[in-house]
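Labels run A, B and C following the written order; every chain starts at residue 1.
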C-alpha cells in the first residue's frame, strides 16, 4: 500500500522517494508530456496562513498537470471565522477535491486533518513543526547539485531553534552517512536537542559555530534561513537576533568553488543582493525544483488514489483533559481529537505535534 | 421560456425541478460523463461576504464540468471599495462570464443584480433573505433519503427567526402535503408569522416546541441550524441564545431508527461530535448533494442561455424617496434602483427584499 | 525582435499595434476560434493593490484563450508581508508562469520588475504612472467608434493631475494629427505641464476649460475620469474636488448626436445614472474591448516568447545614495535597483518613474 498522506518527509518510503525524484527529473526535461496527466482532477489549497511562494507553486504544479485548483488563502475569508471545526472543513472540502494541500499555524494540524480527509492530504507547513515538500526540494537539490547526500560538509545557519525547514531537513539527512554538520547560530537560536541528536547519529558529526566565518571555507552546502519575525514573542526579541548572520560577497570569496548556497525563501536581509548573481547561489533553482517535485507528488497521489475514500470512523475524545503539554498543539485547539501518542526510547510523545507529553 | 436567474427556489417551475434532480443524480452516478459539459465557459463568483463552503462548492462544480472560474471573495479586495455601484460591477463582470453566482449581505441584492446581468445569475445568499441552492440541497436530500417530501414529521430547530435557510425551506415544503412541522425555538427566535402561515397551509400542520426532547421521537427529519453570531445586534444577545439547543447522543437514542438529521453547515456547538458518526447524520451527504445540484444547475443555465443578452433598459428611480421600510433592503443602498413592488392579499411588498412596504 | 514587456503603451511599435487591433477584432468576431490558443499556458496576476475590474478581466482573458491563472490580489496575503524584495518575488513567480501581469502602487515598479522577470510582463498600473492596457482599450475604442484618432475634438474631464489614464492616453494621442483637446478641470487638478506640451505638439491644439458646459457641444469624444480618493493626501482635499464635474442628461442634451462618452471605470458620482442608458455612453463597450485587447496581447506575447529566458545579470546599485527625487519611485523603495536614467531635451529623467532627477 503506497503512502496516501504526506505529513512528514519520513512518510515517503525510500524506494518511493527515488521514484518521485526520477519523475520530477522527467517532468523537468519534458513538461509537455505531463500536461494532461491530471486532467479533470481538482486540488484544494487550504491556506490558513499566508504564503505566496508555496501556494502559487502548488497552484502552478496542478495546472501544469492539466488539473484545476480551488481553495482559500486567508483564515478570515472562510467558514473558519464562523467557528467551524477543522474536522468539518476537511470533511466537506475533501468531498469537492481529489487531493488537498494545507498550511496551518497550529502544530500537528496536518496530521489531525488527514484523519478526516477523504483524499490524499499534503502538509504545506503546520506551525513550527513540519514542511515536507520543502524538505523534498532541499534533499533533491543537494542530491542533484552534488550527486549525493553523503560525505558532505553541510552548514545550517540562522534560526535553528524555530525554523521548521532545518528540523525537517535534519531528520531527512540523518539517515545518510559521513556528513559533518556545521550548526551556525546564536545561543538563543540553537538547534534543539532532539535534532542535534539525530544529526550526530551514526557516522555523522556535528560542529557548533557562532559565526559563518569559522566554517565557510569547509562547506559543500550552506543552508541559510530567515530569522522569522512571526516566530518571536515580541518585536524586540526579533530585533536582537535579526541581522546577525549575513552572507555577503566577502564571505563567498573565502568559500569553495563548488559550494552551493540554499535557502527555503523568502529571504530578507540574510543574503546580500550581490550574492544572488554568484552562480553558487542555487536557491532559485531550488525553488524551481520544488515545483517539479510538487508536480511529481500530486501526480503520484492522484494515480495511487483515484477514488475518494469514505469517512473513517475516528473515536472522539471523551470529555478529555489536556494531555499534550505543547500549547501550540492542535489537540489543545480542536478538542474532539482522539488522544494519540507513541512511545520512543521510554518516553511518550504526542502523535500530532511530536512533543513529549 | 426556461428560467434564467435563480433568485428564489420558487423561480424553478415544478417540471424543471424534477429535471434538475434527475440530472444531479445522473452526475452523481457518472461524473466523468459531464467532465467537459461546460468546457470554455466561465463562472463568475461574486462573494461580498465570506463563505468557504458555498464558494468552494461552486468553484468545484464549474471545474468538474470542465469550465473555469473568476471572482472575488472579499468586498475590500474589489472596486466596491472605490464606491462603484452594484449595477456597474454586474454589468462589467457579466461581460466576462457565462454565468454568475453572487453572495451579498444586503437583502434583495440578488434580484437587483439580475436586472443588470447579461448572463444567468444565481443567488448564493442575500442577507437574511434567500439562499435557493441550499434549499435545492435540502429538498433533494429529504426526497432522496425518505423517498418523498410528503406525509413526514419534520423538525426545524435553532434560529428560526433569522435563519434564511429555514425560511426558504419552509416556502418550498409548503407546496407539499400531509406534513407536520415541529418548530423548535426560544420565544425570541421563533419562526416569523409569514413562514408559519405557509407551513400550516393546506393539509399541513405546525406544532410549536421549546425543546428537542418533546418531539425527537416523532421526527422523520430533523433540520438543525446554527445560531448565527453575525445576525445579532450585540454579543450578549447572541450569547443568551447560543447553546440552548444541542443535539447529542442521548437525544439521538430516543429518535426513530430512520430519522435523518440535516444541517446547512457550518455548524458550531449545536451538534455534539459523537453525532457525526451516527449514520442518521446526513449533513455531509447533504453537502455533497449540493455539489451535484449546483453542477446540474450551472449546466442547465449554460445550455439554456448559450449567448449573453444585451443590457436591458431598466428605468432609473427619479430622485426617489425611500419607499421600502426595510433598512437592510438593497433599494435603500443602491438608490438608482427602480421602485418595484407587488401586491398580495391586499398588501404591498417590495419586489427586492419581499418586506411589506 | 518583437516587444517582450508592456510597461508603457509606447512600447508597442506602430505596426504591432495595428496587428494587435486586428487580432482583437478577430477575437471579438469569433471567440471560439481562440479558445485553445493558450492551452497549457499560465498567467500570473500579481496585484499589490485591489482592482476587481482589471484582475477579473485578465483572468477571463487568459481563460478564454484556454490558459490558466495563478496569483494574488492582496499584498498582505503574500510573502510581501514577510519583507521579501520585489526582485525575489518576480524571480520566483516568473519560474511558475508563462506571462505575468502586475499592479503595484509604487511608481516604476513594473519596469523594475521586468528586469528580473523570466517571462513577458504586462504593467496593469504602477501608482499614478502608467496603465497601458487601459490606454489600449481607450485608443481602440476611439478608433473603432469614430473610425480614426485624428481630426477629433476630444474632451478630458476630472482629475487630470493625478489620473494615470489621461496621462497615458495623452501620450498615445499626441502622435496623431489635427486634434483639439479640451482639458476640463479645476486649477488644482490641471493636466501637468509635460502632458500639455505633448498634447499641443504638431498640429494638435489644447483648450483649457473650467466647465463641461463650455465645450460639450463641440466634442466628438468625452473622456470622463473619477476623482480618486486614494490619490489625495487627506479626506478634505478629496472632498473639495469630488463632485465638481458631473455629466448628466441635461448636458448630454446639448452634445453632438455622435459624441461618444468614455470612462476607464470604476465610476462613482461623475456620471448620473440616466446617462448609462444613453447610447452615446460607450464605457461598457470600452470595458468589453479591453477584454479582447488583453486576449490579443497575452496571445501575442505567448507566441513571441514560448520559452522562459534565464535570469538577466542586472548590476546591483553599490550602497547608493537616493538619486531619484520622487519619493514614490520604486528606486527609493527597492534599494538594490541599479541607477538608470535617460536624457531628453537636456534634462535627466529616472528610467523607472520618468520623473526628472
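Criterion: contacts are C-beta pairs under 8 Å (C-beta built on N, C-alpha and C of every residue); 3 or more make two chains touch, one makes a residue touch a chain.
It should be emphasised that the depicted structure is a prediction, and the values quoted were computed from it without experimental measurement.
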item	value
Superposing rotation of subunit B relative to subunit C, computed on C-alpha atoms, to nearest 5°	120
Same-site or different-site touching of subunit A by its copy subunit B, using the half cut	different
For subunit A paired with subunit B, centre-to-centre distance based on mean C-alpha positions, whole Å	40
Subunit C: positions in contact with at least two other chains	68, 74
Residues of subunit C touching subunit A in the complex	40, 42, 44, 68, 70-72, 74, 76-84, 87-89, 91-93, 95-97, 311, 313, 316, 336
Of all residues in subunit B, those that touch subunit A in their complex	32, 35, 50-53, 56-57, 59-60, 63-64, 66, 68, 73-74, 226, 228-230, 265-269, 273-274, 276-277, 284, 287-288, 291
